[in-house]
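Look for chain A in each of the two complexes below; its partner is chain B in the first and chain C in the second.
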Partner chain A sequence: MADILLGFTNVLQPMNILICLGGLFVGVLFGALPGFSATMAVAIFVPFTYVMEPGAALLLLSALYCGGVFGGSIPAVLVGIPGTPASAPTALEGKALVRKGEAGRALHHVTLSSVFGGALSAVALLICAPLLAQIAKMVGQPEQMMVAVFGLSVVIMLSEDNLFKGVMVAIISLVLATFGQDPVQGFPRFTYGFKELIGGFSVVPVLIGLFSLPEVFKMLEDPHGKMTETGTVGSMKLPLKEIFGNLINGIRSAVIGICIGIIPAAGPDIAAFMAYNEAKKASKHPEKFGSGAVEGIVASEAGNNGATGGSLIPLLTLGIPGSAPAAIFLGAMIIHGIRPGPTLFSQHASVVYTMIIGFILINLLMYIVGMIYCKFGSLILYIPKSILATTIVVLAVVGTYATSKSIFDVWVMFGAGLLGYLMQRNNFPTSPVALALLLGTNMEQSLARTLTMYEGRMLDLFSRPLFTALTLFTVFSFVYPLIKMKLRKNKKAKEAAELKEQ
Partner chain B sequence: MKMKKSMPDVIISIVVLIFLGTLFVQVPAIPEISRGFPLGLLIIATVMTLYLLIRNLLRLKNEEAVESKVLEQAKTIVPYCLMIIAYIWLMDKLGYIISTVVFMIVSLLFLRLKNKILMIILAVALTCLLYFVFTNFLGVVLPRGKWINIAF
Partner chain C sequence: MRKTCIAIVLVLALIVSAMGIASAEGFYEGKTVEVIVPWKEGGGADVACRLILEYVKAELNCNITVINVTGGGGSIGLNQLLSGDADGMTLAYIANTDTNGNIMLDGVTYGLEDFAPVARFAADPHVIVASNASGIKNLEDLIAAGQDGKTLWGIGGAWTHWDFLKIEFEKATGTSYKRLVYDGGATAMTDIMNGDCTVATPFVSEALPALDANEAVGIAITSAERNPQLPDVPTVAELGYEGFESTMWRGFAAKAGAPEEALKEFAEAVGRACGNAEFIEKAAKAGVTVDYMGYDDFQVYFAENHEAVKAAYEANKDQ
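So, the complex of A and B:
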């Protein structure tokens, strides 16, 4: 308790609050720019922390990380370009709300649910870290494989309207994810002779293309006269009923985010999709998803921000960096003479509790910073479509180039954009592409390793409690939406028959 | 222009099958140990695409052609795509600054922005702003042209 109070005292020092605010402002900017990510924000600023106190250094990195994860959602709502892959589900609903002239409402929900998810993950970091560390210890290759398969079950909910096409897109996208060196042997596959394809497709250029260019092409479908039109932001005020109506959804999504966060290699992006999926399953109006459902935004944002604290749990308690940002945190901590692991909480209690309490404060401050960004960012909607379309293309091109300094990736982005437009026109869902590319490599790698570990004795896998639990979840996740869809169809058919009789 | 509703799916299925075919051709060159996972997926993808093709071919027989705006929309979208292609290609040759200013002016002209002064100011200002943010603030060196190189 004394350590927690000491953490509070450290965090509430004016300089540390300023560091948190500064980190958030910069982090949100990084997240909002296409092609930049929370990981890059943390990585770029590590050298700046060399001269800082360890506590302040970790606060700065935490603020950059949380701000980066949140920032990606602002362009996702306003222009349909997810700044980071974790904001892709937000883009689905945000775009629809912008079309309805309710951008303000969408942005306020984004900010509020991000703060909620992030704060809850920080509390989990403070209270449940030792318990969650035990779960993290149980995660091996078989569990990682099941998480990837579980993640793919999201496809079923994402493509409810056209299940066959959705599954087909996911399978073809999984094939695309196998391009480049295979994750076990390193042999290059399906490269068509391009050396740029040896590393496979980068996910970020594909996502930028898939979510941004189709919006531009849709604007071009309108007659030229409409290109001078502008959008409307609408009110940012949220009725209390709407906020509290999403409370359960927010808690569920944040918990999903925290649990996904502690699993190595599964970060905010997968958490966002999974939380979105569960929200759709639990919703009374799943048919509204995809056409501006606030529940979808809340789930996605609480989920991806929930993963921020979760991803640090294995690092702080076991010394295992389960994600790229956690690995950078590990580097920064070692530079400051702090070695994460089981003894961390006793040997460096002051620094660790400063960071954890700071995580809570950072997430609360994110509301202020986020609303400022949303207020100014939403002005973008008053720009005529002709200027907006041109700017989106330039931003998509420059943002993609920035990720890898490769013109080849810019071509990939353009190809993905064109493909995404053709898919949308012909009722092929595009979200399974993102999901399959995010999960594909991890799935193949963990599958290969699991097969090696359990060669000829696959049933032994069920002696692993977490694997068994995940398998049951996965089966449920695949079957439940199908049953629900069937029941809904039967109900509709029954209603139609009754109407006919009348 | 009139088109049957299932026609786009038929065309897409054929294109996807050709693409999957090009992947099948490459499979024998992959060592057996690295082949299993992609091959399994390829087979499932091919079966599903074939099913989609056959299902839509059968539907095609009973459908009537309906009015489609595809050609009309293509008249705007295809030239714009060509402009983006030219932009990406020129970025490698002329560098970020020249290619972006040129693309923005041509794009805004194409999309009929009436105010010419605003058009030029916007093209130059946005290009420079992005250049400054990416190069000076984020440390990203934007493309320098192989033919001409303008950089600050």
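So, the complex of A and C:
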């Protein structure tokens, strides 16, 4: 308890609050610019933290991380381009609301649910990190494989209108995820003589292209127009009823986010998709999803920010990073001589509690910083589309090149963008590509390891309780939407028949 | 969007001005050197590189940017080094097995003569650990478990030093284990803690969290001497396998043909950094075992190591 109070006093030092605010401002900017990401923000600032006090250094990195994950949702709402893949589900809903002239309302929901998800995950980190770490330890290779398959079931909900196209896109994308060396012997597959493809497609350039360029092309179809049809951003005020109406959705999504965050190799992006999926299943009006459902935004944002704290739980308690930025955290902590793991809380209590309490404060401060960004950011809706489109292309190219300084990746980005545009114009959903690429590699690796471990005794897998539970969930998750669709179709047919009779 | 653009320009301007531009004297002074790390952020290679380069930067009075170009067992990053100019302004992190890329990894074309070795700065031992569930408590148990080839041995990646350590250990002790490939020592440790994997060979820094909490058993360390971070873990050599030593050395290389004076200057800066007390202290905390080898010695070592790895691979490639 004394350590927690010490953490409080450390965090509340003016300099540390300033560091949190600064980190948030920069982090949100990185997240918001298409092509730049939360991971990049953390990676770029790691060297600067070497000269700082360990506590302050971790606060800065936490602020950058949280800000980055949140920032991605601003362009997702305003121009339909998720600044980071974690905001892809937000983009599905945000754009429709902007068109209706309700950008302000959407942005306020984004900010509020991000703060809610992030703060809840920070509290989880403070109160039940050791407990959740025990769950994290139960997640072995077979469980990780099942989680990936479970994640793929989201494709069904995402492409309800045209299941065939959605599933086809997902399967082809899974094949794309197998490009490059196999995880066991390192044999290159589908490289077509390109040395750059030995490592497979880098996911980041593909996603940047896939999400940004189709929107750019669409903007160019009407270069002189503006993003809002009504010409207004709309009020940012939210009625209390609407906020509390989404409370259960927010809590559910944040819990999903925390749980997904704990699992190694599934970060905020998968969390957002899963939370969105569950919100759609639970919603009274699932048909509104895709055309401006606030519930979808709340779920996606509470989910991805929930994963920020969640991914730090296995990092701090076991030394296992739960997401890409968490891996950079690990490096930074090691360099400061703070070794994450079970002994962390006893040996470096002051630093750890400074970071955890800071995480709560950062998420609360995010409301202020977020609202400022949303307020000014929404002004871009008044910029003509031609200027906006050009800026986005420049950012996408720079962002892609900056990650690995490889021009090949830039071509991949353009290719993915062109493909995405053709897909969208022919009503193929693009989100399954993101899901399949984000999950595919990890699914293959964990499958390969599971096969080695359980060679010749695959049925023994069901002696693992968590694996069995996940398998049941997965089957349910695949079958449930299909049954529901069938029932709805039957009901409609019945109603039509009744109408005819009358 | 315009505002954010202006903001980003301002931020960049600040960063650039903060770095300062000094008057040129040495080859690198005042310039920006790129160092490609072909492994992901936060991993053992990345931490070690970023740590030493902070001090090299100060020694050379230059700016160093670290770029993580991952994938392909390190080959994507090394290919990127080799597709650039041989001007000495781009270097890459290199370790034991990289010069044998062309024979070990299908589709990789580079080999020994494509690189200009610069310097070695560390040689990190692996810790052989066993899961608590396995009941393996010491080297004897481990050897007993390695008789039927069914015991799972987790390695951190296909055809890097991880594989060779396993081969060397098996050869020295007359055992064989079932190869289980992870994407890094930390991931393997998770499965050691929950008992899914039986044996693994993480680096010291990766093993410490679990060993501290008694979530795994430290069997032996693969360096010639005990590690100060793990004083209770014996070396493989002192347990009866005299001369056994297998460490992952870490160094820098440039593209072959890069100006020699430049590389020598860089190597000397690495050497001075390796003598810096502050660096040594930080490296010890990070689990990096500093072991400097200067430009001339490294040329010889680089070629010898190449042949040794090649021979070991040729003998075991059908595994």
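One rule holds in what follows: the second predicted complex is superposed on the first by the 489 of 502 C-alpha atoms of A that agree within 3 Å, B and C clash if a C-alpha of one lies under 4 Å from a C-alpha of the other, contacts with A are read in each partner's own complex, and residues count from 1 in each chain.
Please note the rule applied: a contact is a pair of C-beta atoms (placed from the backbone, for glycine too) under 8 Å apart; a residue touches a chain by one contact, two chains touch by 3 or more.
Nothing here was measured: the structure is a model prediction, and the numbers come from that model.
By the touch criterion stated above, A:299 is placed in contact with neither chain B nor chain C.
Residue contacts after overlaying the shared chain place A:422 against chain B, while chain C stays out of touching range.
Of the two partner chains placed around the shared chain by superposition, chain B and chain C are both touched by A:391. By the document's definition of touching, both partners, chain B and chain C, reach A:185.
Of the two partner chains placed by the overlay, only chain C lies in contact with A:318; chain B stays clear of it. Of the two partner chains placed by the overlay, only chain C lies in contact with A:331; chain B stays clear of it. Residue contacts after overlaying the shared chain place A:448 against chain B and chain C alike. Legend: residue contacts after superposition of the two complexes on their common chain; A:405 is shown touching both chain B and chain C. Within chain A, the residues touched by chain B in the first complex and by chain C in the second are 33, 184-185, 187, 387, 391, 405, 448. Per the touch definition, chain A reaches chain C in the complex via residues 26, 29, 32-33, 39, 43, 46-47, 50, 137-138, 140-141, 180-181, 183-188, 191, 195-196, 198-200, 202, 264, 318-321, 324, 326-332, 334-335, 337, 339-344, 376-377, 379-380, 383, 387-388, 391-392, 404-406, 445, 448-449, 452-453. Of all the residues in chain C, the ones that touch chain A in their complex are 1-5, 7-8, 11, 34, 40-43, 46-47, 50-51, 54, 66-73, 75-76, 79-80, 104-109, 152, 158-159, 178-183, 186-187, 189-191, 193-194, 196-197, 205-206, 208-210, 212-213, 215, 282, 285-287.
Contacts from chain A toward chain B in the complex involve residues 30, 33, 36, 44, 164-165, 167-168, 171-172, 174-175, 178, 182, 184-185, 187, 189-190, 192, 213, 216-217, 220-221, 224, 227-228, 384-387, 389-391, 393-395, 397-398, 401-402, 405, 407, 410-411, 414, 418, 421-422, 425-426, 428, 444, 447-448. Interface residues of chain B, counted against chain A in their complex, comprise 8-9, 12, 16, 20, 22-23, 26, 30-31, 33-34, 37-38, 41-42, 44-45, 48-49, 51-52, 69, 73, 76-77, 80-81, 84-85, 87-88, 91-92, 96, 100, 103-104, 107-108, 111-114, 122, 126-127, 130, 133-134, 138-143.
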